[in-house]
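The following pair of complexes shares a single chain, chain A, combined with chain B in the former and chain C in the latter.
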Partner chain A sequence: MAYEMNFTPVFARTPELISGTIDTIVLSGQSIVIGLTIGLAVSILRVDGPKWAAAASAGYVEAFRNTPLLVQLFLLFFGLPYIGIRLSADHAAILAISLNLGAYSAEIFRAGLLAIPKTQIEAGLALGLSRLQVMRYVVIIPALRVIYPALTGQLTLTLLGTSIASAISATELTLAGAKIESQTFRSLETFLVLAAIYISITFAFRLLYWIVGLWLFRRSVPKTGSAVATLSLPREAET
Partner chain B sequence: MIQSFGWQSVQFLFHGLIWTVGLSVCTFVCGGIFGLIFALARALGPRWLQLIVAGYIQLVQATPLLILIFLAFYGLSFAGFYFPPLAAAAISLSIYATAFLADIWRGCIEAIPRTQWEAADALALSRIQRLRYVILPQAFRIALGPTVGFMVQIVKNTSVTALIGFVELTRAGQLLNNMTFQPFHVFLTVAAFYFAVCYPLSWWSEKLKERKSAGPAH
Partner chain C sequence: MPALRIENLKKSYGTVPVLKGINLAVENGDVVAVIGRSGSGKSTMLRCINGLEPFQEGSIVVAGHRLDQSRANLRDLRKEVGMVFQSYNLFPHLSVAENIMLAPRVVKGLPRDQRELLVRDVLSRVGLAEKASAYPDELSGGQQQRVAIARSLAMKPKVMLFDEVTSALDPELTGEVLKTIAELAEAGMTMVLVTHEMGFARRVATRTVFMHEGKIWEEGPSAQIFAHPATPELRSFIATDLK
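And then the complex of A and B:
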């Protein structure tokens, strides 16, 4: 028996899908901001901090990178009340996803910090740049440029990971979809629509990262070796 | 009946761990076979095939794994195919792993300098021989670190199949939590089990990546 697709009952629930989409974007946005802040702090501690802080940071990073997000969600949502801390589903979701992203982005930021040689900083200071200018033009922007693809890739995974938060009934798109599915019995259609929405959100976020990247690195030299070659050629000709 | 968390519970979770490892291996083998085919098609195939594979990779990588699993489990069963949770889990995880492994391996194949192809061609090797004896062995060396790293992701991602009722480690944890009402103990133990599997893999992956960057440039 051939199955006839019928999207009408799903599209009838468009308002719920829209509010679910907004919830997912808000949840992702909040988690990304908090997670990147955690990641940056942890990476600086791990590279520059005292020994105990570096060890603690490494422990945090390894613990969160080597366990599933779903288990982290369960531990924070079901486990914490057991020791007296009660979080709402939405707060537990933000906390778990932020901590998860924090661990991954800490590793990425660390790679960026280690990618800038000390001599570059000394060279910048020797050219008479202020400490703030060196921080901005010599350390942060070039380091960010090295890690940008890895970082935005991780942010995409974080965005998609928010769907798992439906398991603890945090309000977001997958939960909204699961509700529609259980009331309309149009499973295939519902999840196809959800997939389409997630794909659209992901592509929209990727476009945003691309535009931010263009703006951030507008003054940088091209990444290829050509710029270096043209800069060094005349000097070689002189000698 | 409420039982308390004890040695029996740990044994119960260990049984779940076996299913987690089994599903991971199954996913890695299926995803690996299709991933290799897709990577070769993406890197070396005719233009139209490259576009199709690139589209597949882009779409799967932009869809949450949970939605893929729901599509395979609920979606297709309503459309007339019934997959038991194990099959739905294995199929959707393989689709997911194929997209990521194909992307990783394509990068590794494309990282081999063009001159290697030309040198192999100059030695009168056929196209298959060039691939088999010159390109793939070198690409394999680059790919080893990221591939082991992705194994960690596979092991962790099998946890999502708990949400369609496949009894692996996380689902075993949920069931045990319903029996013992000691979520903190249960999920901490579950996390420790995952860590015991994933940490050695992560460590190995880092070692492989270091060795690659320290090795001679070719």
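And then the complex of A and C:
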């Protein structure tokens, strides 16, 4: 039983695929920016904050790392209206994915902060810097360098996770694909095309992370050290 | 008013007393060497002086700032009390010039043109004028330590604390760092330096303090301390060092 592939009906929906792609890029980009901001703040509170803030941060991280993203999405979209907060599907998606990434990245950031020797922090304090200034000028960049591979790996997972937002009909690529599939009945072709688009988006984002890494760690691209090795371009993107 | 006055300083880690009532006065321009066995509390005392360690009893007045259990106004104190560590602790992602400029920029708000003058000034004082744009991992240990001294000098401290700043260095590199410190001493900087370099303490320090079991066991002019140690503990300490 040979199946005859026919992509024509799928490609006929190119405009929808393009707008779905753009929606996914926007949703990912917004969630990454918001999520990393949350993650960084929470990790600093957890490592260096007052006791109650550290405890609250730990609670948030545990709650979001031990529940499925889909359930978080449903809670925000279907659950919040019962307490009077009504979010559009797109906003619920951004919020859920950001909070989810915030929790995961907080753990990664925390590992980076803890990897910086205490003596570096003391040297900063001894120069008269405040704790926040020490964080900002002394700790962050070397800490980021330690965790950069883990962090960008997480960002790729988060990007792919935006697909789940289709479950609440947030506008993004998987939802666009599902609609095309249900109308053309070309399931194999549709989802192959989706997969190819996701791969392209992921590689584009990874290329971006690589460039950002070169810029962030430009001063510490060592003649001897290992930062460059851990920052190498995703292999697939080189071809 | 002395540059540093420590009164009845007591500090313990948990239930273990580490400093058991330290009294010390250091006048402006004094160079005080602190010697003593490992674990006698030398580093702990130094770290109390700029507030890196909290303490339970007593008080410290340094460069006109009073430090007690409340730990208020620590940052004002630290602006005027420099500290150099055994492990240099240069910031690896910043160039030599940026390491030096960081605190003057973010703590004092010094404008850019003055910062550049400052970098040139302090680097020339440690003999590394040509290294401003190098990164720490491009420097030898001795050079890194001299940059750390320059970085501390850039805040124009009234008192400088040195904690075994040559202990991590090969003998050939120790000399260049000690020379830098000796030049600072000559220029009138008030310094407290924990050191295992007895020869250096004797030559450069105006006074030497011998710590033993969390107390200042013996102190006096360096010449006298080394030539005529009064206590058996100091005698045996000096004797082991000579071996």
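Here, the second predicted complex is superposed on the first by the 203 of 239 C-alpha atoms of A that agree within 3 Å, B and C clash if a C-alpha of one lies under 4 Å from a C-alpha of the other, contacts with A are read in each partner's own complex, and residues count from 1 in each chain.
FYI, a contact is a pair of C-beta atoms (placed from the backbone, for glycine too) under 8 Å apart; a residue touches a chain by one contact, two chains touch by 3 or more.
Being a predicted model, the structure only gives us computed values, none of them experimental.
Contacts of A:Ser31 after superposition: neither chain B nor chain C is touched. Chain A is touched at more residues by one of its partners, and among chain B and chain C that partner is B. In the superposition on chain A, A:Leu127 contacts chain C only, with no contact to chain B.
Touch criterion met: A:Pro142 reaches chain C, while chain B stays clear of it.
Contact with neither chain B nor chain C is seen for A:Gln154 once the two complexes are overlaid on the shared chain. Once chain A of one complex is fitted onto chain A of the other, the partner contacts of A:Asn100 are absent, as it touches neither chain B nor chain C. In the superposition on chain A, A:Ser166 makes contact with chain B only, not with chain C. Touching chain A in their complex are the following residues of chain B: 59, 61-68, 70-71, 74-80, 152, 156-157, 159-160, 162-163, 170, 173-174, 177, 182-184, 187-188, 190-191, 194-195, 198-199, 202. Within the complex formed with chain C, the residues of chain A that make contact are 119-120, 122-130, 133, 137-138, 141-142, 145, 217, 219-220, 222-225. Every residue of chain A that touches chain B in the complex is listed here, in rising order: 1, 3, 62-63, 65-72, 74-75, 78-83, 156, 160-164, 166-167, 174, 181, 185-188, 191-192, 194-195, 198-199, 202-203. The part of chain C that touches chain A in the complex is made up of residues 50, 52, 75, 78-79, 82-83, 85, 87, 89-95, 102-103, 106-107, 135, 137-138, 148, 151-152, 155.
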